[in-house]
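Every chain is named by a letter (A, B, C, D, E and F) in the order it is written, and numbering of its residues begins at 1.
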């Protein structure tokens, strides 16, 4: 579903949650991502090396990050991504793990430009065992209601 | 090339530069990335919408981010990604833009664990017109020389 | 979003609408689909032939069909796809066209098995000019409320 | 092979068979198809969910359908796809199953337009154990010999 | 079509032709191939560089080679690829070019092992203007009729 | 890394080595390559057939070849690929095998055009057990120092 849903800054509330979807990341996804980004670190694409070293090939942190963003993103045409903070990978994701993502509005702030407010969301990705594998903060610049 | 090159914390020096490679991101890459991450925002995958609104479809910020990481990453088995800070997208990347990435060591710090040091690199992605399209800081935990 | 939402047969009502999302199908998607399905008809993958014959390469009918299904599918764990009827392609889809899909519940019927009802949805795909490019009927076997 | 072979309506005979090729559908194909069509139902892309529920992830019905079409399609420039009828999935296809497809001409009919005839083919897909996993009817509008 | 067709060494004749199929190679195919093989030479994936230097991005020689092989390959279970000779690229292939491939049996020879014969085929790929873009020789070890 | 590095013919020396990188080729890569090149030989894409016949699905020889080229290629804008000789596949590569590639300069020769020299490199690909799976000779036409 890619239907746009307009939401003004005033429509966001603290502690509002979102997301909840899930997807498994397989080795084929890791290979495709390596090809897109040219990150062919042996931890991701060399089975012999990664099995000996990590017990298996690891998913790129930025792929996990992208999936968590994709699973939580709102299609709000009034919001613009300002940036991401504190992107952390507390545990590795292995090929075959299933990631579930949720979002939480943790801050609502003024912006120096009067027509805009800043919405800060905490994104969290967990694996199939409930362990956190990604956390970050996404700051969005959102139009205020005219 | 994916040859591993071992570098200890002591081998990094302030203001050391890296990267320098380039790649064009096409609409097909945007579509593939959308499929991997489930981020099908109309800005990325709806031509009619994006042309009217942005003059064309935009590359996902996280794809640009992943490419900049891929173009600058060292295959250093002694380093572990700690996390990313201040991921910013000063200008949009459009399908067909060419991104060049460079890295700069901006900080070398102690870590509470004695055998490890923290290397902070600034990553910068520029488009074919020399405009910055991505910046972030990557913090790496690197083994100290025994 | 892939969150499951349970709906019993009794939760469906006639004339209920769904879907509404959109996506552009590019030539790269056509090539990928050809590789998955081994349908390399020159109308889809031979530019010289297709430009002379059709004014450009055409999207596989089954890819348009799959996208319309994907844009309208409910993640309802109580429903099982029974089959599709009257899959029609009133106009060709060209590489670069944007397809929007909607669904409409057109029939609710008993099933010979007592615990199940049949929900028939009409799926419609339109291009960026509002012309219908796909229509079909999807019959779902859905659990009745116990 | 994508060589075009011209066949007029009069060249088709009842009970004529075609196809016979095979291909394995892997989880990577399912993931790619999900990305193309935006159908990320957990039955297809959530390993944890699908293993508990179905004993493994399932191939999208429309992907199986597309492969059966691809394995049986004729590259006949005198034929136009009219539509598909009674698309049925008698058994699920699991990632890793091998599908073989055959076609059978089951009807030859007049069309209201004099220069055209309707050829109806029955398509059948079977898995590696010989079980039918897909059946449908494909109606083609084919030029009559001038 | 992937149906196997058994042919013994004795079934091959000098000057026998094969192939004849065609396909367009797009930039998306070049990007995918770069990701598979890690050959990200700027001639293939850097639009700014390649347009200035070559008037556009070039298809990898080995991708053209692979397509010519794919378009001419026989699914003969009695044949084993011995190797390729004199792989030549007389003209560059640009993204968007359409390649047609043909094969010609140019030599039939004894092998030191009595049950086997060597079939040498000349493969030729031409672009949409009829210019040769690839030639090579494929030597196959084929079972003799018992 | 795709940074160009200029090297004149005079900069090459006999017995110079290069490459050294590695990558695992998975079944998903085989399927993607089949889709790009239309080589759907059952040895590569039919699990049931290939397991019975070869103990598993085999990687296309040309994909292994492409990877070995990609892992050893120099981004030297002064060099043009002249062609490949004696492409040999001494052992099959199975899906899941890891290929490491190296290059060795084996010949430096005059060319009939005065400003150019011919550099011949021997490319070798080995699997995770150190067995050679590919060898070929790559002839490059390289500018002489002015």
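General remarks:
One rule holds for everything that comes next: a contact is a pair of C-beta atoms (placed from the backbone, for glycine too) under 8 Å apart; a residue touches a chain by one contact, two chains touch by 3 or more.
Predicted model, so just to flag it, every value in this text is computed and none were measured.
In this assembly, the chain whose C-alpha centre lies farthest from chain D is B. Two copies of one sequence, chain C and chain E, touch each other mainly through non-matching residues, since under half of the numbers at the interface are common to both.
Looking at B-F alongside B-E, one finds more C-beta pairs in contact between the chains of B-E.
Equivalent interface to B-D within the set E-F, A-F or A-E: A-E (over half of contact pairs identical by residue number). Averaging Cα coordinates per chain places chain A and chain D 37 Å apart.
Chain A and chain C have Cα centroids separated by 28 Å. Across the assembly, chain C contributes residues 1-2, 21-23, 26, 28-29, 31-32, 34, 36, 38, 40, 42, 45-46, 71 that each touch 2 or more other chains. Taken in their complex, chain E has these residues touching chain C: 1-2, 21-24, 26, 28-29, 96, 98, 128. Residues 31-32, 34-36, 38, 40 of chain C are the ones that touch chain F when the two sit in their complex.
Chain B meets chain F in the complex at residues 1-3, 19-23, 71. By the touch criterion stated above, chain C contacts chain E in their complex at residues 26-28, 31-32, 38, 40, 42, 45-49, 57.
By the touch criterion given at the top, residues 2, 4, 21, 23, 29, 32-34, 36-42, 45-46, 53, 60-63, 65-67, 69-71, 73, 75, 77, 81-89 of chain B touch chain A in their complex.
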